[in-house]
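Take a look at the structure below.
First chain written, first letter: the chains are A, B, C, D and E, and each begins at residue 1.
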Amino acid sequence: MILAKVEGSVVATKKNAKMTGTKFLVVRPLVIDSPAAKELRLGQSTLVASDSLGAGEGDCVLVVQGSSARLAAEDKNSPVDAVVIGIVDTVDLGKRILYKAE
Amino acid sequence: MILAKVEGSVVATKKNAKMTGTKFLVVRPLVIDSPAAKELRLGQSTLVASDSLGAGEGDCVLVVQGSSARLAAEDKNSPVDAVVIGIVDTVDLGKRILYKAE
Amino acid sequence: MILAKVEGSVVATKKNAKMTGTKFLVVRPLVIDSPAAKELRLGQSTLVASDSLGAGEGDCVLVVQGSSARLAAEDKNSPVDAVVIGIVDTVDLGKRILYKAE
Amino acid sequence: MILAKVEGSVVATKKNAKMTGTKFLVVRPLVIDSPAAKELRLGQSTLVASDSLGAGEGDCVLVVQGSSARLAAEDKNSPVDAVVIGIVDTVDLGKRILYKAE
Amino acid sequence: MILAKVEGSVVATKKNAKMTGTKFLVVRPLVIDSPAAKELRLGQSTLVASDSLGAGEGDCVLVVQGSSARLAAEDKNSPVDAVVIGIVDTVDLGKRILYKAE
């Protein structure tokens, strides 16, 4: 899984019939760029994940990718490859708190 | 899923029998390269996706990859690993509109 | 899927029993490195794909990767993750022809 | 599989129902950056893996990714794409020991 | 599939029960870094693959990744994502021999 920040959303009216009602979020992977890091940093790639947990812009989320994403979707036959499976409360490295939801 | 721009098409007469009638599009991933970005930017990689939604050159599309792509294909046994699942209308980041179809 | 150029071949006498008779091609991904590109460019990575279409050195081919590759193999239980599914005739970007088989 | 170092943990109260009780570790891939390397080096990416072996911070672990990760999870229907499958004792390159657990 | 060089091995006493008896090799992907290359070059990444063919250090091997790796494993339910499926004899590019096992 990866940590990612919710940055926005995508609307597509013309889509695969199985996707009706699916909410598409634009997420950006978060990275810990050194062992001494004090906060999560925004990565370089851009991903679209579906969500049914109600994640909102600015949230830090856990995203599962690949075939396992389908097991997290509401419909197991959805053609999705990235789904939000958790809204993150905290990310800790030893005794340092790198992220804490407000 | 990823956002991508349709750039062209591929013709292959000699192909796997299950691919007869499949439309192959050349797509280029689109990225949001900074939190302050005002538009989508073309990424560096090149991908070929199959399409049954009628996407045309210049369209911004949602592409699903991996085994989930097969669930979006017309024939579930097609040996495809990237399929267009939506033609994008808008991409929003907070109150900024990064993309809006013409 | 990706576009790739067939560059060579691999021989492995000692191999998994399910691979007997499988032809292994060394292929190099082809990329379109700018919107104004006039030809396909050789990418940096090196991949080995199995082939039953008779692709030869110098050919531009379509390669499917991941679990979908098995659906393109002659034996669906072959442990392969990259298979040639088409020998490309043309790649077009708008009105420009980027590749045309000789 | 990849070698990775356990660096921390993630807590997410609001999560997919199948994930209840799952322990999420922040792991960083370890690389051998030259044939003459004398130790494992920390890589650049950040991954979250689930764990049921009791790996702790600082441990070197083996992580399996993709659909195979589900086979290593306690519940085969867990929507996970990275799971710890071993706590590493030693990594040897020829006669050199690159890593040895304390 | 990828070409890779066997560089070492990994020992993990505490591991997933399905992995008992599995041999884990440290392998490094091999690349052909230009069309005029005269030999295979060591790539940058580090991978751990399971092996039942008896590959040894220094061997050039074919590695399959992802779900297809399971089909090459002795136990189809092994949680593995990279398996050695062949020990390479030769890699040829046209009339040039890039690799020949001793």
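Observations on the structure shown:
We take it that contacts are C-beta pairs under 8 Å (C-beta built on N, C-alpha and C of every residue); 3 or more make two chains touch, one makes a residue touch a chain.
Because the structure is a prediction, the values reported are computed rather than measured.
Chains that count as touching both subunit A and subunit B, per the definition above, do not exist in this structure. Two copies of one chain, subunit C and subunit E, form a contact in which under half of the residue numbers belong to both partners. Distance from the subunit B centre to the subunit C centre is 20 Å, each centre being the mean of its Cα atoms. Our note on geometry: subunit A versus subunit E, Cα centroid distance of 32 Å, whole angstroms.
For subunit B, the set of residues touching two or more other chains reads 66-67, 69-70.
Chain-to-chain contact here is organised cyclically: the chains close a single ring, every chain touching exactly two others.
Circular chain order, beginning with subunit C and continuing to subunit E, reads C, E, D, A, B (contacts as defined at the top). Across the interface of their complex, subunit B is touched by residues 7-16, 18-19, 24, 26, 28, 42, 44-50, 57, 66-67, 69-70, 77-82 of subunit A.
Contacts from subunit A toward subunit D in the complex involve residues 1-3, 29-33, 35, 53-54, 62, 64-72, 83, 85-94, 98.
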